[in-house]
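Common to both upcoming complexes is chain A, partnered first by chain B, then by chain C.
Moving on to the complex of A and B:
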């Protein structure tokens, strides 16, 4: 891991200046929260406003959308044609992947925290004193999002085809998770489908943490995200495709 | 006689049914500037990619100082500098940071790294422009920066893949002079180009590859004496004589 520090520093520098990362993880969710919150403001109570609802659902959704940004970030050496230099330098796949992974996780997690803090200030959200627990969940989500994004970008041979369809399952997950409007059903089949979305569980975890003082779902979801992230990153190192990188 | 730095033995590579490199054998001697030429699709890039560890061969091996490079990959990579045909630079890093970053991938640190980066930028004449971004550079300056990124870690072997494509004669001349100085300082160079006059001026040995096979591998002077007698005076004449005049894209 001799070159990890060098690669990590560059990754951090590049991600922190990446317009798409900053726009889609801070500016875009803030605009959407304000917009949807305003449009549906009469449908919610004074204690739990529409702004509160959309803060809870939009930030994890935009974080999940980060899979697309990460998968592109994974291939930026290909875009800049610098991959050739990486492949001929005495650095390992592990160093390369881990440096990308950690730099993305840090920046994505920071973006989520900044957006959450903006909402906290703008809409007087107190999170019932559970702000740090929600931050923990978002950090764990960043781990999973980055792991999956890197796997798609570095270990899938035909990512160029896949990338055109990537937003589809994420938007469906968002819809099922109640990102655009609250979704619920007592019908068993529909209820099972809703439960397939990771965002359903993220939102349930946050709601039960804030309003029921119950951290159980939040813990399970956080650990689940960490596991997914670790597995994805392990698979990325194992199945790293030079041809995808170059 | 110079010792063989690289020995390429029976290299073969196919993509599906198409064989692109067939039993390629040659040596790169210490101190050589080896001109590696051939028409499009001759197998040059594939051979270069195999030598530079980008892709594996189906058969054959590459020996570095007498030992298979796969057994000493890190050591071999440490000794290798690559100037790819495409500009391999980060547009959002300035010239200094570009060279510093790529140089640091070769384990150089602290004062040694700073000194090496300065030397490389001075060597290609870009030290005064080090704080500028590649996007502000002319084609020739970008090419020189591309070279600086490859030489800062003082490689023993430098592989240059058409490093003068699309630049003005002054920049080209500067790059060729730079390569000569590097070679005098002890760097062995493998140089590919479609500009035959560059190969003639620069290289002491020329290897001609066509259809994945080494057609000719001679010292430059031997080329001259061998083919002048047949009426072919320039390297371009010899090249066309050996590889034919038929357009290669018409054959695909």
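Moving on to the complex of A and C:
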């Protein structure tokens, strides 16, 4: 546990000072919400504005983008050239992975909550008393995002091929999930493709929770994220080899 | 012709890792194809949700008339998820029928609501389908949407292809290059040409497959291939420019995605230029998408290639500016190393 504590603190320090983490999870979503909100302001009503819509859809999207940041953060020992120290240090694989996992989850979840709070204040977003439920969903999403990111960065053998293309499926999921503009279709094939995007369900969960007082989707999605995160982190600990740092 | 050495060498290096090379070559084609098909299929004007209870003949008649109207689709909505479906765009508007009246729910602007309200009132009086083009007049056409999507996507993938330059900087290849008699122009030109060939190949295959599938997007095949030269040149110059700024692939990929998304938003990819707030219409001059969509619009109207030379020159200017920035950045690196 002593090693875990030290590594955990180091992880927290690094993540909280990482300009890209802060930029991509707080500044970028805020800019995009303002920009898209302003851009489409004429298309929405006065009660539910475009800023409200983009607050709901952009924050989970940027949180999902965190997979890329986490997968690179997983390999930072390579960048800092400290791989051999970790190879020889008497630290268990579980401690190494869990320290990275928890530090990333905390910082990513905090970033999402800060962005949500900024949007709440800037655009007078009403959550109808469901703010904490949305926070819960975002925390669960951070767990899944971090788990997948660490799995790709530490345990996936062909990560060198995958790393360049991680942003493509996420941007596509974003399109399908209605991140840039509402997307929906009555055509069965298109509708099925749209439903393949996790962001479709995240957005449905958030909106149905706030505006239809229906927590069912939000619960299913949150539990799903937790399960994915736990499975991914379990697989990472199982398949992780310290040589991945070299 | 020394740039040809860099160009050929990049291919050799790519082919050395065949799986990675072919995935990076073919994956964008699959995604562009999917994007084209999705944009082509998703062309309905308005989805209308209908809610009624019991045997409401009036509601059924109106629903049938709405479904018979070109560009409008009407479906029964789930009453306890109405707000969710409206906000997430499943329905543009939901009509709730009572015995003698109806109410409309939507998050759209008043004008859209008013138009749909009039249409329904009209159908209650007379359920003969009418022309509902007034709902469509401000939307982007299929050609505009598809072209803008391809440019957006290829700009992201071209940055990924250009990350070979970042690898060169990190593994010392660039340093070795400096010891030879070559210069930054040769290096950048070789990389840009390599990236251009890859990007244009992806564009060519995607567009050719679209043609083979018989998907008509409103621009002739040959015209689309010519547009591709500017698409590939712009994407390549931008990607090379981004790769010249960073020593880390993640930073380059993430930042390029950010910039591309923002530029495409203000350029009219998602909302037509004339529908944007006035302030953004002025700012949009800095976005290549605005000029690109302008060219596509002109070609859709049946104009010939160089009849709309103004936006074409501006796009070329973007290519030159991005290339010069990449060149200057690499020259600075050389000076720094010396």
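In this section, the second predicted complex is superposed on the first by the 243 of 246 C-alpha atoms of A that agree within 3 Å, B and C clash if a C-alpha of one lies under 4 Å from a C-alpha of the other, contacts with A are read in each partner's own complex, and residues count from 1 in each chain.
Here is the rule we use: contacts are C-beta pairs under 8 Å (C-beta built on N, C-alpha and C of every residue); 3 or more make two chains touch, one makes a residue touch a chain.
Only a predicted model underlies this, so the values are computations on that prediction, with no experimental measurement involved.
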What is the contact status of A:85 with respect to chain B (first) and chain C (second): first, second, both, or neither?
-> first
Between chain B (first) and chain C (second), which does A:135 come into contact with in this model arrangement: first, second, both, or neither?
-> neither
Is A:190 contacted by the first partner chain B, the second partner chain C, both or neither?
-> second
Now for A:31: first (chain B), second (chain C), both, or neither, which partner does it touch?
-> second
Would you sort A:212 into first (chain B), second (chain C), both or neither based on which partner it touches?
-> second
Figure out whether A:242 sits in contact with chain B (first) or chain C (second), or with both, or with neither.
-> first
Give the label of whichever partner, chain B or chain C, reaches more residues of chain A.
-> C
On chain A, positions contacted by chain B and by chain C = none
Once bound in the complex, which stretches of chain B touch chain A?
-> 52-55, 73-75, 77-78, 80, 82, 84, 86-92, 101-102, 104-107, 149-150
Over in the complex, which chain C residues touch chain A? Could you list them?
-> 17, 19-20, 23-24, 27-28, 31, 34, 38, 41-42, 44, 47, 73, 75, 80-84, 87-91, 106-110, 112, 156-157, 160, 163, 248-251, 253-254, 257-258, 261-262, 265-266, 270-271, 275-277, 279-280
Quick one: in the complex, what on chain A touches chain B?
-> 2-3, 6-7, 10, 14, 17, 80-91, 242, 246
Can you check the complex and tell me which residues of chain A touch chain C?
-> 20, 24, 28, 31-32, 35-36, 38-45, 47-48, 53, 56, 65, 68-69, 72, 79, 158, 160-161, 163-165, 167-168, 171-172, 178, 180-187, 189-190, 193, 203-204, 207-208, 211-212, 214
